[in-house]
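Once you scroll down, you'll see the structures, which are given as structure tokens.
In the two assemblies presented below, subunit A is common to both, partnered first by subunit B and then by subunit C.
On to the complex of A and B.
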């Protein structure tokens, strides 16, 4: 068990965003979280990242309780995420954005960096080499690595966001709508990249996505949420045949398309 | 990588910098020295304000802490001046951490108010802790010397001020090639996202305050050594505002901007004085000089914020390209476009 949510509840003032959500993700799994807008999917992610503090319930990553930690400690444990709206640092190049992902891996002190001391320089150079070889080239970003992220098309920005999440060498990668707003080709390339990294780096992935074609084709297991509650859990097959899920989220049309 | 062309460029710059005192008069040289000290201070404030996005109206007070500590150590304990400057910088960094830490929960306008409070508080200490600071009349210190070699003249002090300015520029530009510098920019651009990808914004804001104040302390100590006098007037609020003006006019978040801004703001009062002197022949306005100076700074900050938020660091290359375009016509232009993209 790499991640465990135990009866997680979260409320903002009078609004109950999450209500007793529990699920477990096994190591190496591609686990998807689906549901209508406002169901609480992004709230689950924000709670795992310790950005929202749960009002009740616990979150464990590899048997370590995450609740009391600060957001910046979570990354160091081996959890990283992408964002629905990319959240890139506009004033920096593609390479620097991705380097920020490996922030916690770089050990050289501030002073040794300011005085360009050999070990700081070496560490920086080696990290850059690794990131370019293993991440930028694979994501097709090496050519544009020195451009400001703001000047890139949306599809590439999504890749930079993914690259930044990968740069921290996570064990659990959380993806918040990685193919949203992409056309079919871009979406297929993105899924290909994801599957490559999952296999090569032995990643566990928690995926939030509205594109049902993608979700159903690559997920091992799926949890469906509605109004802050879990309403179903199972394999893609089971979810597609679940009456309640079809009524609430997938719709009659989807049922016909699949059959 | 160092290619032949940039090597030549740097050699020319080094040759010019090394020979400035040989052909400059004392008046020009005194301005150059003040500008070089301002560069050290402005590079420091730019790290905090331009790169980390934290406004500070207390920069002059942190310069003052460095100046008084260095001056006190030199006068009372006869410490070598380089050591005194270093300790002055460290004292400022500590002051920056102390006064910065309550400010770290505040943003924008509220942070400006909190740093303003530290400016006023420290100014009060400078004026009233007479046994240490000498009060309003200040503290006299010897001009700096190493092994009997005195930096007492403008010509000699130039190498000291320029040396420190170059070290400040070099270390600051290295900083932004490392994780700490990147973390600063990340906090400026999106503090919440920075936190989630693993950067403690509290820790890095504090580091930014410390580094920025260290530069301020060094600049303040240098100013004290140059004037051989530490008085509270050198470190009042309007000086803090001048430093904010340097960052904004020069171009926040660029090393070159801090340099341009520091030079511009140091020379501006001289320009204004020159113009008021001419105008004074027709209408007596010597008394207005101070007011005119402050008004011009205010106006320039507003105009730059409105029309040129990237400051001189954006304008100067643009003028350069325009000149290049005049001489090179088409060829130069296409190269400029590729640079922009």
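On to the complex of A and C.
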């Protein structure tokens, strides 16, 4: 078990965003979180990443309690995330975006970096080579690595967001709607990339996604949320056959499509 | 020959403007806050320099690091105990807080040093230096050198260091930077430290050119035409903007002051400011916000 949420509650003023949500993610699993808009999926992510402080309940990453940590402590533990609205550094190049993702890894001091001292330069060059070979080329971003992110089309920006999250070498990768707004081809490419990294890097993935085709085809297990509560948990097969889920979330239309 | 002299003096004064503007740009880059207290940081830096040289009698090579250190600490304290408390407030409130900070700092200086004129001990030789056939006081020459060194250091810092990259990230998107493991508050604090140090350097140079007095903080206002000319988020823009404003002031003061009476050189920078805002609201080197449809 790599991540554990124990009766997590979160409220803002009078609004109960999360209400006693519990689940566990096993190592190496692709675990999906689905539910209608406003169900609290992104709130779960923000709570894991310490952007929101839970009002009640605990979050553990590999038996370490995350509640008291600050957002910038989370990455160093081996958790990284992408954003629903690709919160990229729009005024920086693709390469700089990715480099900032790996900034925790460099050991050379600021001064030695500033004055191009040999060891700092060597370290930076090796890191850059790794990032280009293992991340940028895989994501098809190497050709555009010197372009400003803000000038790239949306589909590529989503990839930069993923690349940046990968650059910190996470064990748990949290993806907030990675294929939202993509056409079928882009979406398929993205899923292929995800599955490649999951296998090659031995990643555990927490996926929030509205595209049911993607979710049902790649997930190991799924949790369904509605109004801040967990309403179902199980394999894609079990979720598809769950009456409550079908009426609340998937709708009658989906039921017809499946059959 | 006279024109060349005006230009060289303008470049020297402009270098000091550039240093002051660099401080404003650093804070703006990291936090999107326009710091109205930059002029006060300049003045305080000069007063601390004066105190460590005269009252404490330290030799310059100790007094300078002490001054820069203390000025950096003041910059940090301003961020830690004032700005950070309102960091997530509306931007206009944050900017107003810097205005309050400037009044507070000015009051503090009046309390400690009073309002009289101080003659700053000359830290450069009184002799002149021959530049392009013009005899230039040494302090003017060294102002240019200091500005160039500081600019180059910052360029290297932002371009080649991890921390510089993190600072650019914080400037661009604080939420994303935090999620990548950047301690946003430390980085913002650091930008204020840098800003305080650069301001103190500007203050010491300025005090060597003219007299030291509480009104030295007015030079902070000069940073606005400079950064608006250069663009709020561009280091190079701050330097070029500083030089351009310095030269225009000096040349205008030299030629026009005899025709139109009064301190024309004081006005000309702001006249330019108005014209730039009319033609290019984002400044000459600033990033233009692009609306994507």
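Observations on the model:
Please note the rule applied: the second predicted complex is superposed on the first by the 259 of 259 C-alpha atoms of A that agree within 3 Å, B and C clash if a C-alpha of one lies under 4 Å from a C-alpha of the other, contacts with A are read in each partner's own complex, and residues count from 1 in each chain.
Everything that follows uses one rule, which is that a contact is a pair of C-beta atoms (placed from the backbone, for glycine too) under 8 Å apart; a residue touches a chain by one contact, two chains touch by 3 or more.
Computed from a predicted model, the values in this text were never measured in an experiment.
Overlay on subunit A: subunit B and subunit C clash in the combined arrangement. In the superposition on chain A, A:200 makes contact with neither subunit B nor subunit C. Once the two complexes are overlaid on the shared chain, A:90 sits against subunit B and subunit C alike.
In the overlay built on the shared chain, the residue A:150 is in contact with subunit C alone; subunit B does not reach it. In the superposition on chain A, no contact is made by A:1 with either subunit B or subunit C. When both complexes are overlaid on chain A, the residue A:65 reaches neither subunit B nor subunit C. Residues 49, 51, 70-72, 74-76, 80-81, 83, 87, 89-92, 96, 99-101, 103-104, 106, 108, 110, 113-116, 124, 164, 168 of subunit A touch subunit B in one complex and subunit C in the other. By the touch criterion given at the top, residues 49, 51, 70-72, 74-76, 80-81, 83, 87, 89-92, 96, 99-101, 103-104, 106, 108, 110, 113-116, 120, 124, 147, 151, 164-165, 168 of subunit A touch subunit B in their complex.
Interface of subunit A with subunit C (complex): residues 49, 51, 70-76, 80-81, 83, 87-92, 96, 99-101, 103-104, 106, 108, 110, 113-116, 124, 150, 164, 168.
Remark: subunit B residues 171-172, 174-175, 177-183, 185-186, 188-190, 192-201, 207, 211, 253, 341 touch subunit A in the complex.
For subunit C in complex with subunit A, the touching residues are 153, 156-157, 160-166, 168-169, 172-173, 175-184, 287, 290.
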